[in-house]
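The structures considered in this document are given below.
Note that chain A is present in both complexes that follow, paired respectively with chain B and with chain C.
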Partner chain A sequence: MTLYIPGDGFLYRRHPVTKLVFMLCVAFLAFLGPGRWTPLLIFLAALLPLALFSGLVRPYGGALWRILAPLAFFLFVLHGLFNPAGRTVLFSVGPVAVKLEGVVFAALMTSRLLCVLGASLLFVFTTPPSALMLGLAQHGAPPWLTYVIGATLQIIPHMRARAAAITAAQQARGLETTGSLRVRARALMPMVTPLVLSSLVDAEERAIALEARAFRSSRPKTSLTELADPPVERVARQACVVCTLLLIGAGQWL
Partner chain B sequence: MIRVEGLTYTYPFAGQPALRDVSLTVAAGEFVAIVGANDSGKSTLCYALTGYIPHHFHGAMLGSVQIAGMDSRSTPLAELVTVAGLVFQNPVNQISGARFTVYEEVAFGLENLGAPRAEMAARIDEALALVGLEGVADRSPYALSGGQQQRLALASILTMAPQVLVLDEPTAQLDPLGSRDLFAAIHRLSRRGATIIMAEHKLEWIARFADRVIALAGGQVVLDGAPREVLASPLLEQHAIGRTRFTQVAARARALGLTSSDALLPVTLEEAVDFFRPILPKAINA
Partner chain C sequence: MSFGEQLRKDFGTVTLALIPVAIVINLVVGQIVSALNLPLFLDSIGTVLVGILAGPWAGLVTGLLTNLIWGLISSPVAAAFAPVAGVIGLVAGLCARYGLFRNWWKAAISGVLIGVAASFTAVPIRVFMFGGITGSGADFITAYLLATGSSLFGSVIITVLSTNVPDKVVTALVAWAIARALPQRFLARFPRAEAVTPSPQG
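Right, the complex of A and B next:
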């Protein structure tokens, strides 16, 4: 289970940890940066060009639209109508009035979401999970952390398939899984219990399998593939952090 | 290679021992099969022969297990797994989940052992070739069939170059084709001189390939010897282990008085042909 899109553009050639640092810096700046326009500026001046140089404009735009459009719609409706800070009426339809302060707040929240989501999508679109795990391990992340990332991504589809098999098995024994909320609530336990119990058995066997592969060996681990981390990547990471701190500082000062 | 002396083991919260006073030795290069009904102690013995007992399963253990000269009690499990590799029943649960292709999955153990990168490719290629998975190296481990996943588990252990390979009912969840391919891979390893201990229910395969068979019942060794001696023994039926089709047919022929031969009953197809050749016309008339 991965959103990675194979490619060889600008972002694909960056070290995964550099992209991770960049994504986190963008997320911090979206909420703590100076002024209301910072998130939109980051998106237009940094994220969009990066998507362009990485050959991802079409899937990037599509994913952003699909995820953000419904969220933005609800933000504008709820805040435009019900934000308690709303004073200035922009227009009204009968008893319902849309207020400027609420719309401005909704716009700010949408631009922040656009920024955070935009940076996250660029990261997952251009970073294969194996490279992320390798990059993190290269930077001293403990083996259990990289294992959890990799195993989670791979086990989710496996668990989904098992849940479907359990549902089918219980349905074959006459369990009603469709209908009213009450009927579905009653069906929950017979479906969840076997899933949890079988997962516990699996966890035991998986622990044995990991032991068999010397996962807990105290020897220094090596890696099948090498991930280049040239000085320019380190400089880029440091520059990201310094710029973020300066801009957050400026935001507090101004 | 393996020396077990007076091994008795009881799982935590269990009333009865799973193994009772088991003593055996396995020489280097031997292919030893362990047979027995369910709950006879086969899996427990496999765990004891690889050090998971007492390191992973913390029950009450009496006696001793020596694996390639190392005492299983005093040697850390992380060291024992480098000399005794374990492959067990469920193929999916043996996939580490930490790697995304078959090739990377086989490399996982090598990475954990700190093998130099320069050595890895040759060792992975060799292990994949031994189990016949060269063609699927770039696929996700989860996209393989059950039989292929089990051969992947075998390759993943083989690449770590253990001195002993312990297989706990590796074909239990495989179809006939998957079982055949796995047995073929194990047979190739055996011919190359690997030390193999394999718990298995499929007696006809064992009869063909094993050098020696140990039968367990109630956690005790009830028979230990050459495949034909053990698998043709009437004691197997008494302990609910069953016998091969060839042995059953030959036993029936003897019971019908079609042969007065006192020779051991056949356990393989070839032995059955030899057994029935002198009496075949008589059998047809009967």
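Right, the complex of A and C next:
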């Protein structure tokens, strides 16, 4: 369902909120950190070893390539050829010239994206949604928020199945879903309306079920499963934040 | 009614049950649209619907969470655009509050407003985080505009507006049609259902 990959490496044993804090710190550093090399350094010195210690190198490399390759391609083409700051011509291809300043900018943006994507992929790969919600609730997230996220993840497969059933039913009644743009556009509402209306009726039933179980009660809620949050995790979170602030400060000052 | 009271009313149990369904509507309708090969995204119908039925703040939350959850299940890139999705819900809710979802042409105007607001939220994210690119065919428009001498910011604004505004007009019309198709008894369960009923003056 989610991008979570079951496993038991180093990152799997960390508290979800610790990983969330780490991911956000890396994202801030990638854009506000000192110098041009920070994002690439973070990726090579921190993210890649973390993926290694969590036994995730293969899916990690695959997902990074799949998401980053098209972005990097367009970045280099767009900025290498057309960035208005481009002055120094590296070489010419027919009527257009590749310029140094654009290539440098594209490389910087690519390394930042690599860094942010790398950190967020580590987070989603190693954090099951249930643990994330439990961790968030533990740190004071309101119950409605964890309910909304949890319910959404549970409804998705049902709604996908329902969308497929509605499509099949409408096609059986003669709805054309291929052909000219006009034909396809006319197929939209007959497919969307039944899906939305039936799922809204579900929402109302769900609301009645929640009300019947005193979901809006303000008393503290108990949880079926417990999530350990040892002091070392808290220290790790604080260390992440302090290091990030120091590095960003150094970046501004130097 | 004070702001706090309005919020409590907007975030009633029915709204809480509606938001997950709306998020999934966003994701699944986007899927139907790509199966039909239509040149639109239509991935915020649920968000606009929540904006209409439960107000701007519920719309904001629906949009934000849609993209965050999307980031969790398919690609973290979507999470970076969560503020854009949030603005879509917020503006849809504000339009509905001021009666801009009472008939089809007003809904189309709402669509334009939503599209413009979403574009102006998306441009800074696109320029500063992604260097102005999306990794899709729309980048050729940006490249062309850059080549003809526009600035990066200007090129991206034009690219984003030209893909977003038509999409949000269709989104607003579909959401309006769906809200109108809801039975009165059911509509009455939502905190801001009066937004889609024609005003007494017509």
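Here is the rule we use: the second predicted complex is superposed on the first by the 249 of 254 C-alpha atoms of A that agree within 3 Å, B and C clash if a C-alpha of one lies under 4 Å from a C-alpha of the other, contacts with A are read in each partner's own complex, and residues count from 1 in each chain.
We adopt the following convention: contacts are C-beta pairs under 8 Å (C-beta built on N, C-alpha and C of every residue); 3 or more make two chains touch, one makes a residue touch a chain.
Remember, it's a predicted structure, so these values are computed and weren't measured experimentally.
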Query raised in the report: What's your read, chain B or chain C touching more residues of chain A?
Result: C
Report task. Kindly classify A:170 by the partners it touches after superposition: chain B alone (first), chain C alone (second), both, or neither? Result -> neither
Query - First (chain B), second (chain C), both or neither touched by A:219 - result: first
Requested in this report: Could you say whether A:138 touches chain B, chain C, both of them, or neither, answering first, second, both or neither?
Outcome: neither
Query raised in the report: After lining up the shared chain so the two structures overlap, which partner does A:129 touch, if you call chain B first and chain C second: first, second, both or neither?
Result: both
**Report entry** chain B versus chain C as contact partner of A:83, first or second or both or neither
**Finding:** second
Requested in this report: Based on the superposed arrangement, let me know which partner A:147 touches: chain B (first), chain C (second), both, or neither?
Outcome: both
Report task. Answer with first, second, both or neither: which of chain B and chain C does A:206 touch in the superposed model? Result -> both
Query raised in the report: Which partner does A:156 reach: the first (chain B), the second (chain C), both, or neither?
Result: second
**Report entry** Residues of chain A contacting chain B in one complex and chain C in the other
**Finding:** 129, 147, 151, 155, 202, 206-207, 210-211, 215-216
Query raised in the report: Can you list the chain A residues touching chain C in their complex?
Result: 1-3, 31, 67, 70-71, 73-75, 77-79, 81-84, 96, 105-106, 109, 112-113, 116-117, 120-121, 124, 129, 144, 147-149, 151-153, 155-156, 159-160, 163, 167, 177, 181, 184-185, 187-189, 191-193, 195-197, 199-204, 206-207, 210-211, 215-216
Requested in this report: Going by the contact rule at the top, pick out the chain C residues touching chain A in the complex.
Outcome: 11, 13-14, 16-21, 23-25, 27-29, 31-33, 35-39, 42, 45-46, 49, 61, 65, 69, 71-77, 79-80, 128-136, 139, 142-143, 146-147, 149, 151-152, 174, 177-178, 181-182, 186, 189
Report task. Could you pull out which chain A residues touch chain B in their complex? Result -> 128-130, 133, 146-147, 150-151, 154-155, 157-158, 202, 205-224, 226
Query raised in the report: Can you list the residues on chain B that touch chain A in the complex?
Result: 50, 52, 56, 77-78, 81-82, 85-88, 90, 92-100, 103-104, 107-117, 120, 140, 142, 153, 156-157, 160
